[in-house]
Amino acid sequence: MATITKKFTRAYGLDEIALVPSNRTLDMDLVDISTTIGGVKLNIPIIASAMDSVVNAKTAVELGNHGSVGVLNLEGVQTRYENPEGVLKQISSVSNAGYVELMQKIYKENEVKDDLVLKRIKEIKDSGAPCFVSSTPQNAIRFGKLAEQANADVFIVQSTVVSTHFITKDKSKNLDLSIFCKSMSIPVLVGNSTTTEVTLDLMRMGVQGIFIGIGPGAACTTRGVLAIGVPMATAILNGVAARTAYLEESGRYVPIIADGGIVNSGDICKALACGADAVMIGSPIAKASEAPGNGFHWGMATPNAVLPRGARINVGTNGTLKEILHGPSNTDDGSQNFSGAIQTALATLGAATIKEMHDVEIVIAPSLLTEGKVYQKAQSLGMYK
Amino acid sequence: MATITKKFTRAYGLDEIALVPSNRTLDMDLVDISTTIGGVKLNIPIIASAMDSVVNAKTAVELGNHGSVGVLNLEGVQTRYENPEGVLKQISSVSNAGYVELMQKIYKENEVKDDLVLKRIKEIKDSGAPCFVSSTPQNAIRFGKLAEQANADVFIVQSTVVSTHFITKDKSKNLDLSIFCKSMSIPVLVGNSTTTEVTLDLMRMGVQGIFIGIGPGAACTTRGVLAIGVPMATAILNGVAARTAYLEESGRYVPIIADGGIVNSGDICKALACGADAVMIGSPIAKASEAPGNGFHWGMATPNAVLPRGARINVGTNGTLKEILHGPSNTDDGSQNFSGAIQTALATLGAATIKEMHDVEIVIAPSLLTEGKVYQKAQSLGMYK
Amino acid sequence: MATITKKFTRAYGLDEIALVPSNRTLDMDLVDISTTIGGVKLNIPIIASAMDSVVNAKTAVELGNHGSVGVLNLEGVQTRYENPEGVLKQISSVSNAGYVELMQKIYKENEVKDDLVLKRIKEIKDSGAPCFVSSTPQNAIRFGKLAEQANADVFIVQSTVVSTHFITKDKSKNLDLSIFCKSMSIPVLVGNSTTTEVTLDLMRMGVQGIFIGIGPGAACTTRGVLAIGVPMATAILNGVAARTAYLEESGRYVPIIADGGIVNSGDICKALACGADAVMIGSPIAKASEAPGNGFHWGMATPNAVLPRGARINVGTNGTLKEILHGPSNTDDGSQNFSGAIQTALATLGAATIKEMHDVEIVIAPSLLTEGKVYQKAQSLGMYK
Amino acid sequence: MATITKKFTRAYGLDEIALVPSNRTLDMDLVDISTTIGGVKLNIPIIASAMDSVVNAKTAVELGNHGSVGVLNLEGVQTRYENPEGVLKQISSVSNAGYVELMQKIYKENEVKDDLVLKRIKEIKDSGAPCFVSSTPQNAIRFGKLAEQANADVFIVQSTVVSTHFITKDKSKNLDLSIFCKSMSIPVLVGNSTTTEVTLDLMRMGVQGIFIGIGPGAACTTRGVLAIGVPMATAILNGVAARTAYLEESGRYVPIIADGGIVNSGDICKALACGADAVMIGSPIAKASEAPGNGFHWGMATPNAVLPRGARINVGTNGTLKEILHGPSNTDDGSQNFSGAIQTALATLGAATIKEMHDVEIVIAPSLLTEGKVYQKAQSLGMYK
């Protein structure tokens, strides 16, 4: 008999879930939302993405001062241009039609310079802020050494999809993560993964933190162009399964960081409740008045000469970094005072720490666009008068 | 083996269900839609929310005259200002940009005054209308005593999420609901809860009515900011499970009141069919020409200095309180003649009382926005010409 | 233990299903789409709704000439006004604000007149077209007698929700359908039902056709106002279960007619594939240039003095009755040439008759509005330029 | 007891799935995206649809040069008009109101001419490009012979729904596919099918490739008008079940081609991961500056005199054929550089060939329009300011 053998399983996004209060609540004083990533204690479980529109040395310092950390991308404009401000201004003022071409030109014109890498890291370290830097797997050995040399705190190897078995004819292209982790004197974090198997393999290779998330980000078109993607809630659960299994087999707790599609404080709370130890966010930080993107946000795959991905979005500016991270909030849409929202959520849900937050009950509660809601909303917007 | 241990269960909202006729219908004369809450018989199962835009002493009196009841919030502008009309006018005329700041200023400038609390309660009681008043748990002891002193009928302790185990270093902050209920000579109602466990605990503590609902309201951004929320249909079912279990163990029937996200008569009917004894509504009453909000509606968490929640919505004015509650309706969208709609629904579904309504069959019938419906609707609105 | 006892079951709408071809197709010549309802053979399985905007005597005649049939509502404007054209023009030209009031006035001013009932039936019968007439249960005995007297072919007792057990103190209000069916010399059809139990009961009472459908219609706000409704695909399956069971116990085949929410030829085909013997449609016929509604369509519950339901929709005019029923079509949206579409669907699906169409395979295939589709559509509409 | 006997099963569309990375990735050099259809090796698994707006002899040649193939429809304007450019210009410039009438006139005025069929095939063959031609089953014998005579490489018999049992009184209308396949000296491909049974039957009749897909296409209104359609992901799985069963029983591997509703590179990748050996696409190719449709795209069922289907869509022009197929892409929406995207997807997913792509893990991950997403999107579009 001819039968279908391929099975699809259902995966859930953060948009589809909600958190359920228990019988316990906590006084805000008793809530601790700190987390430790790569041996660095962060007062708030938020890491700013390694993107040109989000983190330069100056914002990395400010993020550190606010108890967060920003990852400096060692292959972006900051390490290609002595004074990248002019180039960033061009990116935010070019027309949509000219955007991709401009990005390709900017990257082609200037290679990354070792002295600029060292200089940027020094700028961050000199301030006393934690310094997280990142590169692609292709350039990890070169930039890993520079990061060590400059005393960066954490080195991140990040690509759209991390592979534990990269097949190539050119062995020089192949980064052996086990050897790389052992060779590095500072913690190595790797991403992005979405499955239990890969995440567990990475932990066994000595990786000290894994970024979870492929496809769901606001400035990421991986899912449209390549069809690749795993909704975030399920991806985190997969990562948690690996973390638990690895903790049992090794006694070592390797944090996982949810990265992609997290746009407001509610999303952060959901990611933590699914089991994330921290979140990595881009567009919410790109909205800060201090962000290098000047109110714009774009992906790092755009300069790809052949298959550009990652749209440029006009995210605007909605407040200072301090307002976004610690408030006081002057909006009610979850785009400001992330630490206050996370603390309030933990207190309301009876979780004293992020680890206790992992145990919060979750329901599938899609806020689908039903007819009724559309009419209500449209009426309130004056659309259907 | 590494496996996923966290399970999500599906929760349903009122938007996702519909009511199924049985083989019985009733003459309207035989339908009784009264309900008893806190020992007070209400001719219609509708309670107006404890919000500044919905209930002042004058509307509480009118609501009582119409067989409903309005809850006066003892911590809002009515008990801070001798003549709150000016302040309410400011709220309804300030720009969106200035709204949050204004609210914080209004609350900071004027503390609640005991004599105004007593005066407002007296205004309601003098009319013969039932008087329900509310406060937060933090101030329950102070306002509970004042409410008793002024002969209020029911005292409500309401917070976003009610806790039966509030953990705090400062014991003075902790309200022991068991002791509080025993200490009060008038019935105490508490909210909001969404789970069977908490609801059952509250009943065992002596609470005489529980508000069910966290996160679904139109002027509430709890779900967006904090990710906390349980869709209403499932939340009510959870509450019913507690009510039934407690009735069996104690012989006492404790009513549950669905509170949040109920915007038209269809929603009210669905909440009753899920098992609610009454509903608490805000925005539909804020649309009354007599409502204190002057056509605007806002949440009570807005003045929060650090994490404002609760948007201000321009709901407009769609009729008198009488038209909204008892008709005749001059619209066909379920925003008027709630009592007529509830009576018609019960008659059509063959339910003689609200308790019989609890047994009506329910189907999951999401009125999702399918392509076809969008085109139809858009065409009828002249959008796709 | 406290547990949830109430269960929700999933019901499906026509929007959520699609029809699957088999291994057989048919030449169009071999397809017969006729159906027999109330002993009257219809060349096409389409009945026009008993609504003022859809059927008057003149369109009933034309519908009959086209192999369909129109139901004349004996309680609408046609039997209240000698010359209803003026009143119909008023309805189509009044403002939205004045609409409900106008409808209530039109109905209050003029009672139904027996001589007009007889005259309208005669106008239809004189043409040779089949004459189906309808009334509410309250007036069934009076209008049933008049219909018999005037030689109508079929008498329809229709209300939003048909009850087999109507509970009332006033016995005179109660229509015993068993006695009524026996007392009538012409077939009696009844509606609307959505459950197997009620449909089976009605068949046992001698009803010769059942209208299936509560809540899904375009000009019907029953679901919004009263929350009552069963998605059509599931409602038809329920009716089919009754029809099959009754056929087995009695040897009598009682047709079921899907009524509500059917707006294009695809919907008709889906209803037939679910098991309907015919469909009743309102808005698609109201779009005919000959329709009495002058490009508008409205429900019959609107004149209800207390709880008006049924919006007035500007449906426009998209062709002649002949084009809508038999083409040729000059559009490609399924709003014209219903008979051609039904024949093509049956031929394509390998069904020679409507009864064979009942066996076609159906999949759940929601054409949900996914992000991708919205962008595509919006782009093709020039919305996102 | 009366019970429901008809069961609905859930079918999935490409919009509802996403692809999951494994633990393996590949260097791009190691990825081979070629496929063999009808004995012809294609460097990229893309076939351009047999539609007047997509393929004429000139684009067929260019598609061949780019490693793809275009199917020439032998019954469209190319074989009716010596110089079809004028007619194509009329189609792209007529008003929407006049479109259907014009199409019917164009087809009625000029019959297909044998010498033009031979001439068009020669134009393609002379260039060295592969030549795929198609006709309806009704005319397969006539055009099949002409195709053989002119040395076409593959002959395609395509209708909306392919039948293995066509019932007709007029035996001359009936194409016996077994006999036809045997009679033809060149490979015969057939479509469209969606079920395992029909696909398996066709393979047993000697068909050398099956087109899978009914109802999902952008310029196809089959689902709206006739309600017929099977979401593509499930349809492909059905076809794969037949391919596997037939391979086991016969040792012959018959490729299946996903046809319909595929609009960007992500969709192509999903179809391949479901098990397709190639995809057939229309609208994405109609956007090429070389496409005969001049920026418009329309279905081939439109000229149907009685029941026109297939809307004309203004798809615009987004690049050259080379840019669409091989890049470099200057957009990030998956509408360009299909080969680059497919290669990148395979490399990222660790699949070295299209056959390995068939084994990629798939999750159900609907990118449903949730409230949050709509607001985000709308804000980024400036709609809700």
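Note that the chains take the letters A, B, C and D in the order they are written out, and that residue 1 is the start of every chain.
As a working rule, a residue touches a chain if its C-beta (ideal position, glycine included) is under 8 Å from a C-beta of that chain, and two chains touch if they have at least 3 such contacts.
What you see is a predicted model, and the numbers here were worked out from it, not measured in a lab.
Student: Just how much do you need to spin chain B so its Cα atoms sit on those of chain C, in degrees to the nearest 5?
Tutor: 90
Student: Regarding the chain C and chain D pair, does the interface count as same (over half of residue numbers shared) or different (under half shared)?
Tutor: different
Student: How many Å are there between the centre of chain A and the centre of chain D, using C-alpha atoms for each centre?
Tutor: Chain A and chain D have C-alpha centres separated by 39 Å.
Student: Please tell me the distance, in whole Å, between the geometric centres of chain A and chain C computed from their C-alpha atoms.
Tutor: Computed from C-alpha means, the inter-chain centre distance equals 54 Å.
Student: Chain C: which residues touch two or more other chains?
Tutor: Counting only residues that touch two or more other chains, chain C contributes 197, 224, 264, 367-369, 372-373.
Student: Would you pull the chain D residues touching chain C in the complex into a rising list?
Tutor: Answer in residue numbers: 1-6, 8-11, 13, 15-16, 100-101, 160-161, 163-170, 173, 193-195, 197-198, 201, 214-215, 218, 221, 223-231, 234, 263-264, 302, 305-311, 313-315, 366-369, 373, 377, 381.
Student: Name, in rising order, each residue of chain A that touches chain B in their complex.
Tutor: Touching chain B: residues 12, 17-27, 29-30, 196-197, 200, 233, 237-238, 240-242, 244-246, 264-270, 273-275, 327-334, 337, 340-341, 344-345, 348-350, 352, 362-365, 367-374, 376, 380, 384 of chain A.
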